[in-house]
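Shared between the two complexes below is subunit A, which has subunit B as its partner in the first and subunit C in the second.
And then the complex of A and B:
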């Protein structure tokens, strides 16, 4: 008799999802799915709005990465206006985007994943959370708060006000950076740098304990996808698309992000509201690829800041091999935080950073615009069409979490096959199934625009739906 | 020196009445000025809010609820709850934030949670007709509490 195991909802991720694991007649794992059970109506919601409202409207999609949506949306509006924004404006947008990466990565690493990494995958679930970390490792919990605050503070300082900062606008930014603000941010750099350097040192040492998880956590061949700069280096804001395969071969390079529909297909599966993008040239579902920190470090030829480049060289190894296990998203996240801190400092010290030429002004000059940037979780695409009055008639958003949908499903299956023993799984096994999802730090509010609650329920079901067993973690 | 009061309104401002916390924060800041209190509007409570809580003398959280008749207002005192061991998500509770403030910073200021029960949580940027008039009422209640706190602290400081 075939059976289905359901984990619903998945905990310590952003949003609401469930996992089902199907067993065959021999009680072996046959298939597994990661279901996004929220519905995003956002693309319909914005129809009829003036395109100039889109950045501030889109920023409200998510409380964790509003700046990512702000950036991609503003870039789409730049395209509608057909303007090239001033250099200083692009640099200032980059700084805010990097600050966003830092705060989001800090939340993922320190507050959502560190309980597994510090206390152990099999530790008591009652204390395997941020409160357990606070008790056992208060300094690390404080470091997480300080690093996240560093990123948030930069966003607030640049945004100019606490509520609804609308600093990034179509055409650039609406106010230049003041010398006082620049110096305020620069003064915070050393503290943030100390935190990330000691965290990297600790985690690289600690991760040797997770050999088994590294082997089984979505450790398989896929392509990797993301933006690189003109020289092939790590890029977060602009650039061109590069795709590499599991052996490190460049599958496609210098793709114009504005032509994404030529190379990305969007499949829909009946079990999830989350779309499943794939690389069209390979087809569905073989066109699976991963995005986000691990992908960015796998596709880059180098990193443009010295300390992060050194860490990247160590990460990729002497042969610059592609890193396949999704467990390494955690380390990739820390390296990107380091890059972000270094790059913010570099940009703030550039001579034109205080220039008051920060905005290009124009009306709609094109009826269509596409904006692509790298969000913390991966490549983010906003695509709008407008009518002659500048009102949105159609919108399509491809969210970073969506790009990883196929890989997350495959990862759940791999972990289930490795750890699921019989129809009464242990709590540690359940936690690993969730932990492989957490490696990707999925943001389901972004990808579906809703919020949910996080208790966990496991159901073992027969093929005809009868519940054979149920456990719950509240 | 009086520790500033902190008002944290949280919820999703694009889900109808879930955004009422933002509206109350905005209303208070507009009416009394941004220096009246430390104001935070957020989609959800996050760990770094614990630092702001630890620095405040009075903390007021404002959230939407959905378990009482629409429009009804509740107010309750919040205590740090060391037993609140639910998995940390982006959906932290006021109790969890206060616990973080106590454990990490050794501070547990007087904390209250105001809620208004919402009627409509569909996609949309405006409050329902039931909740909208309650924004001013709750803003007034919060302002009264802040004024009382400031007066009490000023008296205490003067006598010290």
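And then the complex of A and C:
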């Protein structure tokens, strides 16, 4: 029985969870909770390992965004070594990180979300998957496959393999880029560019059909949180933290990510194993914020590449308003893919990109290191402490999906309040819960990234804990 | 499977990172062909849906870590023709099996505020500890070409052609000079199952055993060589065997032998 809608906690809880909706004594929806039943325990089993092993070990947290964990982990290790890595190494890491964003966003949009968008939320679940899209809309499916391949191929060319590559290491990268590889990647760029431009055009037109979803899918006020570069532009690899509120006012700016504990609190709720990060200055639970593509486009003052900047201007509108509906995560993802392709081309054309100075070598020079970068789903933080021999004594991870925990709970609650009639959850309600969660593309490798459908169980409970109704995805 | 019918394929997930089943989507060029040759029917784990089997081929990713999963894998076995495990989690318990060497309670209380809610088994175990497995694909993650090979072999009813030898053979086939002999870099290639095409040695880095032990490995000899010739500390030998395949028999015995 049972399961899903899993939320990643600070450590990766694998497997499954269920949603319970709690009613008050008047049988009105009071709250929505997640329960999670499995875990893998990354923070614990890395204790006693040399810090240099951390990138390889931590990459195994996730097969969808292993490069993001490699990047954050390697940056934490750079801090432990107290080195500034060579410029070329930072650029090469950036390229791989952008390739990761492209492939992961393509997976989210084409493989996972396009079935809902193209085939309809009420179509037959048996064919509502990427294979169904292949039958009904072969060109679009092929575009998605090719675009994901573009990103994955770059990762493979740089790191030797697509999932869990060992190329990003403490101090830089393992091998310089060869001219041949650079030209190979450059040759792929026009094809990828064509795909993303026609997809953007199609999706912007098609979005008109989804006005209902735009209005009801986790459309509420929260703050937005993420990295920006020194000039306030879109940033994926380094930079400073900026937080804006729902009206677009900058709440905090130029925060040093290494001081995250000063401004992020991690609340614990008795019903969930997943911590709920919140902005400390506002308090809990009002300090709710969102991260990820939508947040990044909401906090940025511009985008550093021309085509993506133009799309961003259109996205934010003439008044540069903050976009609140989580449905727009989809469009934000496409704009970020465009940015990624443009930026990879720009970086590859820099004169020092083929330099063979790509790795700083040092032992442990600091007993603590924090690495922060933007993963496809949002800000990712790795924080390690070591002993004097360089062995890990403590680790803390805040995963992008964790930041979105409060917002996802709130989104599900919004759906429950709008669609739960009586005590028996319906299939239609399940679909909407699933689609709301899907907007955030949570890294719940267990459920949302399976080929096809999110397994889901929804329970309705009375105020004293009695189960009143239950629906499982068939 | 009935002749002329497309085999029905199910993909099951237990505790894992999803990387291995994503390898299926990484078969970009082959994906359309695969989708044409088999009927991919992913079924969520709700038990009501499991009755809809049987499936000709079940691909199983992940290790068993909860009482519920221990029951679920039995159901998977019952509805499956061929059961193929994919990746280090399914074949050896995965990286989460590192907890098998410690007290699991220490884990849950450190990571979670309310550990009493966590239902977990003391150990993370491979699928073949629980049910009969027809074929195992090694690797963290698996090699997508091996996945395509095993699917096409099954569709055409022949034996899959997946080399069982050590990483060393692949390394020689690539013409790489041995980094252990020429540079004294500790390398697990001699005891590790092939499949990665000697990726790490090609990057001048010692193999760290992603593909787990090969069938007829001799890790006693390798460990003795590391300790004796390369002056590797016993604790480091232990850690080398304790990664993604820590609970695979041959690796587990080596790491335990070097604990002190």
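The criterion applied here is as follows: the second predicted complex is superposed on the first by the 405 of 474 C-alpha atoms of A that agree within 3 Å, B and C clash if a C-alpha of one lies under 4 Å from a C-alpha of the other, contacts with A are read in each partner's own complex, and residues count from 1 in each chain.
As a convention for this text, contacts are C-beta pairs under 8 Å (C-beta built on N, C-alpha and C of every residue); 3 or more make two chains touch, one makes a residue touch a chain.
Predicted, not measured: the structure shown is a model, and the values here were computed from it.
Engineer: Under the stated touch criterion, which partner chain does A:250 make contact with: subunit B (first), subunit C (second), both, or neither?
Structural biologist: A:250: touches no partner chain.
Engineer: According to the stated criteria, A:362 is in contact with first (subunit B), second (subunit C), both, or neither; which is it?
Structural biologist: neither
Engineer: Between subunit B (first) and subunit C (second), which, if any, makes contact with A:134: first, second, both or neither?
Structural biologist: A:134 contacts both subunit B and subunit C.
Engineer: Give one of first, second, both or neither to describe whether A:60 is in contact with subunit B, with subunit C, with both, or with none.
Structural biologist: both
Engineer: Which partner chains sit in contact with A:82 here, subunit B, subunit C, both or neither? Use first/second/both/neither.
Structural biologist: neither
Engineer: Contact-wise, after the overlay, does A:186 reach subunit B, subunit C, both or neither (first, second, both, neither)?
Structural biologist: A:186 contacts neither subunit B nor subunit C.
Engineer: With both structures placed on chain A, which of the two partners, subunit B or subunit C, ends up touching more residues of subunit A?
Structural biologist: In the superposed model, C touches more residues of subunit A.
Engineer: First (subunit B), second (subunit C), both or neither: which does A:174 touch?
Structural biologist: second
Engineer: Is A:160 touching anything from subunit B or subunit C once the two structures are fitted on A? First, second, both or neither.
Structural biologist: A:160 contacts subunit C only, not subunit B.
Engineer: May I ask you to decide whether A:152 touches subunit B, subunit C, both, or neither, giving the answer as first, second, both or neither?
Structural biologist: So A:152 meets both subunit B and subunit C here.
Engineer: Which subunit A residues are contacted by subunit C in one complex and by subunit B in the other?
Structural biologist: In subunit A, residues 11-12, 14, 41-42, 45, 60-64, 107, 111, 126, 129-131, 134, 142, 145, 148-149, 152, 162-164, 445, 449-451, 453-456, 473-474 are touched by subunit B and also by subunit C.
Engineer: How about subunit A: which of its residues touch subunit C in the complex?
Structural biologist: 1-4, 9-12, 14-16, 35, 37-45, 49-50, 53, 56-57, 60-64, 66, 107, 111, 126, 129-131, 134, 142, 145-146, 148-149, 152, 160-164, 166-167, 174-175, 268, 270, 273, 275, 445-446, 449-457, 472-474
Engineer: Mind pulling up the subunit C residues that touch subunit A in the complex?
Structural biologist: Against subunit A, subunit C makes touches at 11, 13-26, 28, 31-32, 35, 40-42, 44-49, 62, 65-66, 68-69, 94-96, 98-99, 102, 106-108, 110-114, 117-120, 124, 140-141, 196, 199-200, 202-205, 208, 210, 239, 243-244.
Engineer: In their shared complex, at which residues does subunit B touch subunit A?
Structural biologist: Its residues touching subunit A are 12-15, 22, 25-26, 29, 34, 39-44, 46-48, 50-51, 82, 84-91, 96, 99-100, 103-104, 123-125.
Engineer: Quick one: which bits of subunit A touch subunit B in the complex? Just the residue numbers, please.
Structural biologist: Touch residues, subunit A against subunit B: 11-14, 41-42, 45, 60-64, 107, 110-112, 115, 125-132, 134-135, 138, 141-142, 144-145, 148-149, 152, 162-164, 445, 449-451, 453-456, 473-474.
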